[in-house]
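Common to both upcoming complexes is chain A, partnered first by chain B, then by chain C.
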Partner chain A sequence: MSTEATGRPSIIGVDVSRVALYAALLAMVLFYLAPLESGLATAFKTPDGFRTTTPFALPPLGEFTVDAWGTAFDRLGSGLVNSALMAVPATVLSALFGSLAAYGLTNLDWRGQVGVLLLFVAGVFIPYQAVLVPLTQFWSFVDLAGRLPISAVDQYEGLINLSITHVAYGVPICTVLFRSYYATIDDEMLEAARLDGASAATIYRRIVLPLSVPIFAVTLIYQFTQIWNDLLFAIVLVSDPSNQVVTVALNQLQGSFVQQYNLQMAGAFVAALPTLVVYVLFGEQFAKGVAGET
Partner chain B sequence: MVFFVYGAIAWNFVISLTGWEGLGAPSYDSLSTEMYTRLLFDPSFHAAFRNTLVLLIAFTVLSLAVGLLVAILLDQQIRFENTVRTIYLLPMSLSFVVTAIFWSWMYNPRIGLVNEVLRSLGLGGLTQAWLSDPQFKLAAIVFALMWQFSGYCMVVYLAGLRAIPNAQYEAARIDGASTLRLYWRVIVPQLRASTMSAAVVLVVFALKAFDFLFVLFGVNPGASADILSVMMYRVAFDRIQWAYGSAVAMVLFAMALGVIGPYLFVQYRRGEL
Partner chain C sequence: MARLQLDSVKKRFGEGTDSVLAVDDLSVDIDDGEFLVLVGPSGCGKSTTLRMVAGLETITDGEVRLDGEVMNERGPAERDIAMVFQSYALYPHMTVRNNMRFGLEESTDLDDETMDDRVESTAELLEITDLLDRKPGALSGGQRQRVALGRAIVREPKAFLMDEPLSNLDAKLRSQMRTELQRLQADLETTTVYVTHDQTEAMTMADRVAILDGGELQQVATPLEAYHRPANRFVAGFIGEPSMNFVDCSVAGEALVTDEFAYPLDTANDSVDAALTALGEAAGATLGIRPEDIVLIEADGGDADDTHRPTVTDGPLPGEVDASHAFAATVGVVEPMGDENVVHLTLDDGPELVATVDGLRHVREGRRVTVGLPSNAIHVFDAESGEAMQNRSLETAALDTARV
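Let's turn to the complex of A and B:
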C-alpha cells in the first residue's frame, strides 16, 4: 500500500525497518509452523529418538523410522475411506442447495425474504450443542436401516445419517457465501431473460449456474474442510465402529497410545492429509471462503 | 434446513423442560423449569459458565490483536505476500482433533517444544505442566486456539486495510504523525466493521471449541477448564441426563444469540443483508 508508512531508507543503503519487518514476518511464519514442523519431525523418530532430541530437530541417524506412519495408516485407513464417503456427497449437496437457496433469496423477489435470510445467516452461528439431543432422537426415530431394507443402507447407516446432517447444517454457510456472490450479478441480464419468457428455473440453469463456477470452487473447498474436520456430530451420530470417520479414529488412536508421540503425530498428519492437500492446492479459495463467512 | 436447525432447537427447548434421563423415550406430559433451577445451584455449571466467558473474551481479544498486528505487517508491500499469508492461515484448515494432538505434544512438560524453547531462552523457571496445572490450563487452551484462528483475523483485517484509501496515509504523514499514531488514531478506528465481524465469528468458534477440549481432556477437563459445550456433552451423552444437557445447551444457544442478535441487527440496519 503506502511505502511511506514503512520508514525511509537508511544511509548505508539497507532499509533497517524493512529488515525488521521481514524478521517479524519470518518469526510469525515460524510461530505458525512450529507445531506442524515438530509434529512432522517427531513422526519420523523412534521412541528413543523423540525422547532424547528437541521436538523440532530432524531425526538423528539411527533414530529415523517410518514405522509410525505404517501403524497410523493401518489404524486410520478405514476411517479415511469412511470420511471420504461421508464428506464428498455432503459437500456437493450442501453447495448445490446453498446455491439454489441463495438464488431464491437474492435474484427472485418475494415477501418475507428478509426474514428467511435472517434465519439462514443466524443458522451459520448456531452452536451444534443446541441441536444434539433432538438430532439423536430424530435419527433413531427415522431408523433408515429399518425402513429401507437395502444392505448398503444397513451397512452405512451411520455415515448416511451423518452426511445428511452435515448437508442440513452446511446449507446456511453455503447460502451466505453464494449470496454475496449472486448479489454482484447484473440484474439487467436476468431481467432481459425474464422478458424473453425464461422461467426462474431456466434462468438459474442457463445463466446463474454457469456464472457460479468460481464461487462453487470456494464453497466446495471450504465446506469439504469443515465437514472432514468435524468431530462432534461424528461421535454423537455414529455408533457403529465400522462406520467410524477419521477424526473419531484419530481421537481413539491418541487415547490408546498415550506416550507414543511419534505415532500420534503421524496419525494427525494422516488424518489431516486430504485437507492439507486441498489447502495447498486451493489456498486462495479457502481464504475467500474464510473471508466470506463474515 | 429450517426444520433441521430451528425445529431442532425448539425441540431441544421442550426436552429441557422435561425430566428425561437414562434410556427410553422422553415424556412430554409434565413440563417444568426444574432443570434451569438446577443449573442455578450447580457449582460445575458456575465454573463452566465462568470459564466459557473467560475463554470467549481472552481468546477473541488475543486473536484480534495478533491478527491485526500481522495484517498491518503484511500490508507493507512485502514480497512473497501470498506465500506468507497462506502459511499464516494454514492452521485454520486443520481439524481441532489434529491441532489438539499437536498442542498436547507442544505442551508436554518434559520434552515438549514450549518448555524446550523457554529453557533455551534461559527462562527455565517459567516452564509449566501447561495442560495439567489448573492454573495454566485455560491460558494454554486460549493460546493454542489463538494460534489456530489469528490467521483468520489477519485475512479479515487485511481486507479492511486494503479498503482504506492511500491518501489517508499520506495526509497523516504530511501532518507529521508517527507510524504508531497513524495506525492507532487513523487506521484502526476505521477497521471497526472488520473487528466486529471477525469477533462474532471468533466468539462462535470459541463456543464450539468442544472438539479441541474433548481431544485433550475427554469429558472431564476439570473445574479449571470445563466449558459449557463440554459440560453439555458430558451431562447429556456421558451421564445420559438428556433434559439437563438440553438445558445447558439452551444456555449456550442464548449466549450465541446474545452475540449474533445485535450483530445481525446492525447489519440489517446498514442494509447489508
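Let's turn to the complex of A and C:
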C-alpha cells in the first residue's frame, strides 16, 4: 500500500475514501429515487403487467401501455383546472399580503407592532385539524353567493371559499418569510427614500417590492405547493362535485374493488406536474431567495 | 439655502429609569451657506442630532428651525433637506440616473425634461456622466459616494446633512473627496451640517466646528479657535493630532506642581494671574501644551548611559523659554512621520510628554534632552470642571522660531 503526499491511502492513484463517498452517495440516490421510479414504471404497465412484476421492474414486453395516463388526464382534467383556479390566486394573494404585512411590521415603526407580529407567528403554528369545525361553521354563515349575486361566484363558490381560506391560512407563514428578508434591507436606504419625499406606500412600491423578487419566488413556490397539495380543506369545504380540486379527484382514483395501481400512479404524476413546473419557472430565483441575496 | 437653528434640542431614548439622554440642551445657530461640522467621539450624540434635523428621530424637547420655521412636527419629506449617508444608501435596483431622479420625482412637480436636465447637469458637476446608466452594484466606493452626493445635490434642498460620508473610503480617496466636498459646498453655497468623528475632517472642512461629548455641546468655534483656544480640556484633547499633553497638577503658590514637577506660572501676565486667583490655592489644575509647542534642546553627548544631567546651560534656550520652564528629559520612542517626528519624552521630574519636531531633525531614542515648555504656549484647565482657565497667547507669533 502506497501513501500519497496527502496521506490518504490509494490504489493505483484512486483515492479510496473518495470512491467510498461516491458509492454512498449513489446508494442514497437509488434509495430516494426508488419510489419515483417504481411509480413511473407502474404507470406504464397494463393491469397484468403490474400484477405479475415487482413494482420497480420495468414494464415487461407486451405489457407496456400509456392507457393509464390517458384515463388519468380524463378523470383529473377538471380537477386540474379547478385547482389552478383556486391555487393561483390564493398563492399570489397570500404572498402579496404577507409581503405587505412584513413591510409594515419590519420597516415601519409603530406602537404595538411586536404584539401583532407575535399573533402572526402564532398563526403559523395553528394545525389545520383544529380549525376544521369553526371553519365549516364560518363558511355556512357567510353566504358568498347570496351576497354577491354574480353567476361566477355562484358557480365557483366552493373554490372561492377554499381559496380565501388558503390565503388567510398562508399569510402568517408568508409574513414570517418576508420579514426575515426585509430585516436585511438597509435602513439608511429607506430613510434616504423618506428624505427624498417618498411616502411609506411609495417606498414599498418603488423600492421594497422590486427588491423582493427572490423572496417572492421562495414564497410563491412554497405556498403553491402547500395549497395545491392540500386535501383536508378541499374535502371539508368543497361539496359541489363540479368544484372538485385535483387532490380530491386523485383520491377518488382509488377503486373500491380492484386497485388500478397504474392509473393511481399516472394520476399522481399528473397531479404533481404543476408544482414541478412552478419549481422550474422560479428555481433560479428560489435559490437566490434561500441564499438571502438582495 | 437657509439658516438652520437648533434651540435647546434634547433627545431622550426610552422612558422612565431606563431612558438615556442622548443629546442634552444643544443650541447651535448655523448661518445661511455655512459649513458646520459636528464632531465628537462615537456615541456623543452627533448622529442623533443630525437625524433629528432630518426628521428621522423625534425631538424630545427644544426646537429645530429652518429659515425661522419650526420643523419639529414635519416629516422628513416636508423639510426640504437632503442627507448623505455613510453607507451611501443608494437604491440597488435602479440605475444611477434613476437614483438621482427618484427624489425629484417624489418631491417636486417638475416635468420629465427638467428632471433629466437637472440630473445631467448635476452628473456633470460631479463628473459621473459616464456612470448614469449603471447600477450601484457596478460602481466603486468612490463612485457610489459621488452618486450619493449627486442624489442630494440634484434636489437643490435648503440644507445638506452628511453623516460620516467619507468614512467608507480609503485614506487617499478620502482626502481627495474632502477637498472636492469643500469646493462643491463653496460653489453651491448650501447650508451644510456634516457629522464626523474624524477631527482632521472637522479641522479641514468646517467653517465652524461644534464639538460634542456625552450629548453635550462643548464648544462651537472656527477650527483654529477650537485648536488654539479650546473651551475645555475635552476639546483641547480631541482637536489636534497628536493630542495635547496634559499634566495633572495642583496649585501651590504661583506654580503648578505634582510630586517633583513644578511649573512656575508667569503671574506678570494678567490673565494667568486671574486664572490663578479663580482656581485658588491647592485646587486641582491641569497643565496643557500642544506637542508642537514643546521646545527640544539636545544636550551635547547626552546619550542614554550618560549620567550627566543636562542643565539649561548645556544648550542655548530660545528667548521665550524661561530657565524655570526647562526640564531635563529622556527621549523614548520616536515615530518618524516624514514631515515631522513624534517624540515621546519622559521628564526626570515625572510627567510623560509627546512632542513633535521637524522631520529632518534627527532625534535618537534614549538621548538626554532639555525640554522647554514656553509659558506663552501653555493652557491651564480646572481639574474638576475641565474648563479652560488660561489658553495659549496668540500675540507672540514668534513661537515658530522656537522650533529648532
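Everything below uses one rule, namely that the second predicted complex is superposed on the first by the 265 of 294 C-alpha atoms of A that agree within 3 Å, B and C clash if a C-alpha of one lies under 4 Å from a C-alpha of the other, contacts with A are read in each partner's own complex, and residues count from 1 in each chain.
Criterion: contacts are C-beta pairs under 8 Å (C-beta built on N, C-alpha and C of every residue); 3 or more make two chains touch, one makes a residue touch a chain.
None of these values were measured; they are calculated from a predicted model.
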item	value
Partners on chain A (chain B, chain C) - clash or fit	fit
Touched partner set for A:243, first chain B, second chain C, both or neither	neither
Chain B versus chain C as contact partner of A:31, first or second or both or neither	first
Chain B or chain C, by number of chain A residues touched	B
First, second, both or neither for A:99, with chain B first and chain C second	neither
Partner chain in contact with A:114 - chain B first, chain C second, else both or neither	first
Which of chain B and chain C A:82 touches, first, second, both or neither	neither
Touched partner set for A:206, first chain B, second chain C, both or neither	second
Chain B versus chain C as contact partner of A:122, first or second or both or neither	first
Partner chain(s) touched by A:192 [first = chain B, second = chain C, both, neither]	second
First, second, both or neither for A:163, with chain B first and chain C second	neither
After superposition on chain A, the shortest CA separation from chain B to chain C (Å)	18
Where chain A meets both chain C and chain B, residue numbers	294
Parts of chain C lying in touch with chain A, wherever the complex brings them together	54-56, 75-77, 79, 81-83, 85-87, 89-93, 102-103, 106-108, 151, 155
In the complex, chain A residues that touch chain C	186, 188-189, 191-199, 202, 206-207, 210-211, 294
Complex contacts: residues of chain B adjacent to chain A	1-2, 4-9, 11-12, 15, 26, 70, 73-78, 82, 84-99, 101-106, 108, 111-113, 116, 147, 151-152, 155-156, 159, 161-162, 166, 169-170, 173, 179, 182, 194, 197-198, 200-201, 204, 207-208, 210-211, 214-215, 218, 228-229, 232-233, 236-237, 242, 245-246, 248-250, 252-253, 256-257, 259-260, 264, 267-268, 273
Touch list for chain A against partner chain B, complex	1-7, 21-22, 24-25, 28-29, 31-36, 38-39, 42, 50-51, 54-56, 97, 101, 114, 116-123, 125-135, 137-138, 165, 168-169, 171-172, 225, 228-232, 235-236, 247, 250-251, 254-255, 261, 264-265, 267-269, 271-272, 275-276, 278-279, 283-284, 286-287, 290-291, 293-294
